[in-house]
Amino acid sequence: MARAKLTFLNDLVQAITGNERRGRSPRIADEAATRTALARPAAERLAAACDVLMGRIGDAARVAIAEQALTAYGQLDAAGRLGFFQLLRDRFGADPAAIRRAFAAYDASPTAETLVPLFETVEPARQTLLRRLNTAPGATLRLVQMRADLLQAMRKQPDLAPLDADFAHLFASWFNRGFLRIQRIDWSTPADVLEKIMRYESVHPMTGWQDLRRRLDPADRRFFAFFHPATGNEPLIFVEVALTRETPDRIAPILTAPQAAEPVEADTAVFYSINNTLAGLKGVSFGNFLIKQVVAELSAELPSLKTFVTLSPAPGFAAWLASGADPRAADLAAELDLGAWIHDAGEAARLKPEVEALAATYFTAARTRSGAPRDPVARFHLGNGAAAWRVNWPGDLSDNSIRQAHGLMINYLYEPARIEAQHESFVRDGTVATGAPLRAVLER
Amino acid sequence: MARAKLTFLNDLVQAITGNERRGRSPRIADEAATRTALARPAAERLAAACDVLMGRIGDAARVAIAEQALTAYGQLDAAGRLGFFQLLRDRFGADPAAIRRAFAAYDASPTAETLVPLFETVEPARQTLLRRLNTAPGATLRLVQMRADLLQAMRKQPDLAPLDADFAHLFASWFNRGFLRIQRIDWSTPADVLEKIMRYESVHPMTGWQDLRRRLDPADRRFFAFFHPATGNEPLIFVEVALTRETPDRIAPILTAPQAAEPVEADTAVFYSINNTLAGLKGVSFGNFLIKQVVAELSAELPSLKTFVTLSPAPGFAAWLASGADPRAADLAAELDLGAWIHDAGEAARLKPEVEALAATYFTAARTRSGAPRDPVARFHLGNGAAAWRVNWPGDLSDNSIRQAHGLMINYLYEPARIEAQHESFVRDGTVATGAPLRAVLER
Amino acid sequence: MARAKLTFLNDLVQAITGNERRGRSPRIADEAATRTALARPAAERLAAACDVLMGRIGDAARVAIAEQALTAYGQLDAAGRLGFFQLLRDRFGADPAAIRRAFAAYDASPTAETLVPLFETVEPARQTLLRRLNTAPGATLRLVQMRADLLQAMRKQPDLAPLDADFAHLFASWFNRGFLRIQRIDWSTPADVLEKIMRYESVHPMTGWQDLRRRLDPADRRFFAFFHPATGNEPLIFVEVALTRETPDRIAPILTAPQAAEPVEADTAVFYSINNTLAGLKGVSFGNFLIKQVVAELSAELPSLKTFVTLSPAPGFAAWLASGADPRAADLAAELDLGAWIHDAGEAARLKPEVEALAATYFTAARTRSGAPRDPVARFHLGNGAAAWRVNWPGDLSDNSIRQAHGLMINYLYEPARIEAQHESFVRDGTVATGAPLRAVLER
Amino acid sequence: MARAKLTFLNDLVQAITGNERRGRSPRIADEAATRTALARPAAERLAAACDVLMGRIGDAARVAIAEQALTAYGQLDAAGRLGFFQLLRDRFGADPAAIRRAFAAYDASPTAETLVPLFETVEPARQTLLRRLNTAPGATLRLVQMRADLLQAMRKQPDLAPLDADFAHLFASWFNRGFLRIQRIDWSTPADVLEKIMRYESVHPMTGWQDLRRRLDPADRRFFAFFHPATGNEPLIFVEVALTRETPDRIAPILTAPQAAEPVEADTAVFYSINNTLAGLKGVSFGNFLIKQVVAELSAELPSLKTFVTLSPAPGFAAWLASGADPRAADLAAELDLGAWIHDAGEAARLKPEVEALAATYFTAARTRSGAPRDPVARFHLGNGAAAWRVNWPGDLSDNSIRQAHGLMINYLYEPARIEAQHESFVRDGTVATGAPLRAVLER
């Protein structure tokens, strides 16, 4: 590193750490140094701060440097961010020579002892860097946002994937289930949290505060969310629940005309919307834990609940139908596209058996190239050990549902005594557990 | 894995996951399975649960298995724990063949892309296992205790060190500064937390609740601790502070006769006891962050504070003196061992210059083989960027201090404007920053 | 009391107290008794419960009876409530014979000793009854609502005033300043509280959540409210504050185009809306305490604030002008009613001196029959010791303000050093403290 | 009031209110005035402040004056307090002429309307004064302490009773059940609250923190307390509960050798110590509410609990025995005084029938002059509707119990279904409800 750069770094550290002490005026000299350092372009400040963080600075001083680095990052535009990601990937990787030495030792004697230094040399330096950035106040949420930016950038620059692997690795560790806390969301929840809930609801979008209250406040409704201590009032995932007397087959009554039935009379809990919130946490799984925990919470509060079931969209149904995977599909898709069934009950009744039959096929037989169920929501719930219980058509007349699924919905059933066996069968050989109503359609 | 074992594992999973649902009676069959599974020895249950955790079990079911594993671990004796640690090291390591393959690819083209699979194969499987164990409620504290057991076991079995490397790696990530919260400890703190504070105070042990209150409650005293969300009310480190009008040179007045001076009149904050609490967090550094944060908190609350200083023990002084490293040391040690100075002020006055001279040498020149200061407390504070400000003799007449340090104490000065430069000099070439009083002794 | 009634009362007590134990099924016999008792009309149940509450029932059982009484009250219609108020007034008064005896003893020897029994006989029994009703969970808010109903009923039945005196007496004691806690209201306040704030804002009504957020959330805004522990999340009074660089003369910029200036740059705190919320707390004064407390809170948070001032409506100005109290008033009122000034700046400029002159007269000289300032808002602020500082015209172009005040607004200045003297002058001889701008108008 | 006095009062008000604004330096002139005013003797300042509080000072300014008054009160010695109480009684009473006028109007037409002004003139001015003192921060607890001082003073000056009537009247209103909140006390309760619990425990005094923890922390123990929002962390009353498998007959096992049985196995909750804490709240009844509430809380938490019973002292038994009220008593008392039974089981067995017989008589037949049970603890529990269930001898070998009750204890049974009927019989004609074991003794 050239002498000029060193001086700049020193100035930065001095400027940053000399002025930290709250409530004291910085000395004139410090101020000048600060101004000089902060006048540099954000990208330059960020790169310098990263170098400082990886250098022999004191642990405590790192907090201030990390803060400066994240501030500088926040001032970058898309091009600047891309440059930074490339720098992270290229400058803070691993040392091939060191890896080769460590591997040679391991290769000669592959033991637990020789694995330790190999692991240490193989871990990219940027993992350490990210951990050090995380010491700044509020850093965790900003790092999650940084990864969201990265995922965005990767659409054009897939060669940033190695950097993403580091984020994924760290986040899986930081957002471990053991660190999450579940919290009920209701009408006495702080408004800023409710506002986030509204913004993040994408399965059945909300039109505003009245809509939120209609779904949240009646005695037969429940919302639950996971929070992480380091990301404060940011919900990481949330689920919306309606308590009913039977398993619903349409979403509209739930969204628009809630009956404020007493919750104690309900025997069914319907999970009708599950939303992940932070794009930057892609791949960190919360949903299965949340459903399991909510089942436990509701069972404890309302022992009369017997059935835990979803009312879920089928976002891949229209595309599958259009793909012509099934010989009957083309004709049906054409009829459905006409849309007469939407307003004509007779027409809907006429099409219903055919739609149900193809829907049953879709959920039980349609597969991706890798053999997983073609429907992404199905992958989630079946992977959790739920059963595909009943197809519902027409279940959702919203534009979005008609476009993606011709209005089709489905219930997945969570039966605690069967979850584990169904999960295992699904993982072992892809077996889709089905409910009696769905089987009846298949056997027609 | 033999068929019998598989069946047992299945029973275990069934037994465990089938009975989880709160508030429901397990069915008879489940009960029998549970009893059978739970009747196995703890070591066997633990090993089986670890296998299940690494298998294709659903994420959510892992919580219950992890809980069972930790319970079984808690039932092991020392021999059982040793066996488990060896199993962790040997069964949940890495796959040499996979590593060789991944290395070959990396070696051919050492890029960020080829590093990713190499990192994944090199990371020992037990890191994943520990992360999965951590999903159980309250698991984090139990894993910290598990590592404390491991460190204990390593005294006789140093070949467990590779396993310890994994704990250290994970804990450094989980106990990141960004996840800690500082909290003031006072007389309105919950009693169970105060009890832990009492138990963990080892620098100047407390004799009971009255003693605690005497140190904690007066207007010129402050305690601060770091907590982690996942370990609840367990203080991870805490510092005891006295607010004074000048830098104290003896510990007794602070411990036994606190003047309840108004804190606003104080200009000096004395950090007179810093305690790490959990042996299992060895190597995870909190102390520097805590001191920095407490300086910030106190500065904000009491702007009149000008000086932040410790009153610290010198635990290696007696041993160094006895080692004959300095030609004057043998004679002095002999005289100090006589103990006349303890009760005879004249004798103390006579010895004082010599003790101070050797103490000054000890703190500035005595080194370990690796070149670090010989005194462990000095290593901590100098490494944080503090200066060795003044030696105090006699400073502490407790048995412990007389045995370890002939009663010697020292003040380390934390001067915010100099901390970073002093830290850097210390790290670069081992320079020990000194205060005017210490320099005066050196120059005598 | 007839035998039949006694039996009914006994049934009621038995039914109520026998079934209280949570989590137990009532015995069959109890259920029948309960059903019989609860089948009586609400008015009858309420009257019976009041009798029971005043009888020799155990203290603890009173909680359940009070609960039943308040439930029955909640089922009454307006006529039923009127009947209940009359019953309260007539059946739970005082005993004339006992009063005469106690007075005779006092009259013979008017000492502190003889005053005690006189006070006890003179206190209406309904005060005891209200205190006993208040033992039920959540009772306080329901009693406040009961008084709101009473005030409503008194419009037609002024002879209920004696009952109102008891409510007023008790509420003054229960809602003592010492029991209130101030709380800042912001965007992280629970949504149900914010919803109440929106509903209760009547000075400058809000149009919805976006409007609320615009007023509440920017860095240069503050809301504060008083709460009482027994009425939970119900704000009793709240004030809306804008932090500015000078004293504003129009409300529109504050309501519609908030500049998110940094609060630290502000030197002026503008109290632009103060709302009492619960009609049932009429006559219990909170506003003066709240303003004083908010001045203290803001001064502590933002030492740069120098000026504490209101921007207030003048709700009686139009009526006073129309009353012809001033010879110039009739012509001016006629011109203002034409409304040309609203959209024609030249016209407004032409009328401005005359409006200001009459406004100045209105605030300083217009009096009610009892000699108080004619403007109700003026009575509040001047009574608190504020000064009428400056008249602002046109200050508010809302329909409401144009109707009540031809768009006139006024600033009242709270100058801590003068508040007490100005309050005293105002109370002693009605002196209205004025500010320099207002005096300049008067002296034109 | 003389002119000089008026000036002093003005100075006081100016001094006090001019300096309130936080964070501002008082002007020089204010400082001098403050010093002059504060240099007056406390009694003089207190009397002046009371006059100011009753004068035409602004509501908000009262907070500061009330604060000064309470501070001055705190500086008085016993003589000063006595003087202040007399001043309160004599200067802040009622106006005989006004009372006579109001009575004349009432006497002429004794209606609800004429009662209102009579009530207002009869209420002593000091009630208003106390309400105004209560506006200061933390005033409520200080007023409770003031009444404790008053009760102390009344031992020598019974003519202060009228003042006490005002305190009693206000406290009954302020400490209404509806304002109290119950809270469980356990080992995670703040230490300052636990310290108060230890200090206030007088039935079975605690020897320190270990003793507290032994009673509080095991899984089969519960403490509950009432708190009031205005007295913060001060427990007003608390009860200590042991969960057992049967009704205990001796206190020692409960106090010294707690079995940490699982609470779920218990079928009996034993209330073995109930303590009121603040002497100044004499006559404000909490105990019955607390027991009722604790029964509800425990029933909800542990549905297996069937029996709610006390293990209570009999503090008047020895005195009653010594009083010779029963012909057999003198001989028995003499034998008991010998104390041989304490260490000689045979001797205890010999005396047991006779002690039990007299104890049964004591609880069921011994009465005060006014007809109430002679034992004060019996009056409390029987008045709550409990039954005298079983006498236990020897039940408590502590010095205190031997001195007051020759070691006798008793269980009172709270049977929810019978509480109300037993309460009513007790209030109506003094009927003492008894349990089968006690009746067996009576019928021997």
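Per-chain residue numbering starts at 1, and chain names A, B, C and D are given in the order in which the chains are listed.
We take it that contacts are C-beta pairs under 8 Å (C-beta built on N, C-alpha and C of every residue); 3 or more make two chains touch, one makes a residue touch a chain.
To keep track of the chains, here are their UniProt names: A, B, C, D = Malonyl-CoA decarboxylase.
For clarity, every value in this text was computed on a predicted model and none was experimentally measured.
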item: Chain whose mean Cα position lies farthest from chain A (Malonyl-CoA decarboxylase); value: D
item: Centre-of-Cα separation between chain D (Malonyl-CoA decarboxylase) and chain C (Malonyl-CoA decarboxylase), whole angstrom; value: 35
item: Interchain centroid distance [CA atoms averaged], chain B (Malonyl-CoA decarboxylase)/chain D (Malonyl-CoA decarboxylase), Å; value: 48
item: Between chain B (Malonyl-CoA decarboxylase) and chain C (Malonyl-CoA decarboxylase), centroid-to-centroid distance (C-alpha), Å; value: 57
item: Residues of chain B (Malonyl-CoA decarboxylase) whose C-beta touches two or more other chains; value: none
item: Set of all touching chain pairs, with the criterion as stated earlier; value: A-B, A-C, B-D, C-D
item: Interfacial residue positions of chain C (Malonyl-CoA decarboxylase) with respect to chain A (Malonyl-CoA decarboxylase) in the complex; value: 187-195, 208-209, 213, 233
item: Contact footprint of chain B (Malonyl-CoA decarboxylase) on chain A (Malonyl-CoA decarboxylase) as seen in their complex; value: 13-14, 17-18, 20-24, 56-61, 63, 89-90, 93-94, 96, 99-100, 103, 106-107, 110-113, 115-116, 118-119, 122-124, 131, 134-137, 139-140, 159, 161-163, 165, 170, 172-174, 176-179, 181, 229-230, 285, 288-289, 291-292, 295-296, 299-300, 303, 383-385, 416-417, 419-421, 423-424, 427-428
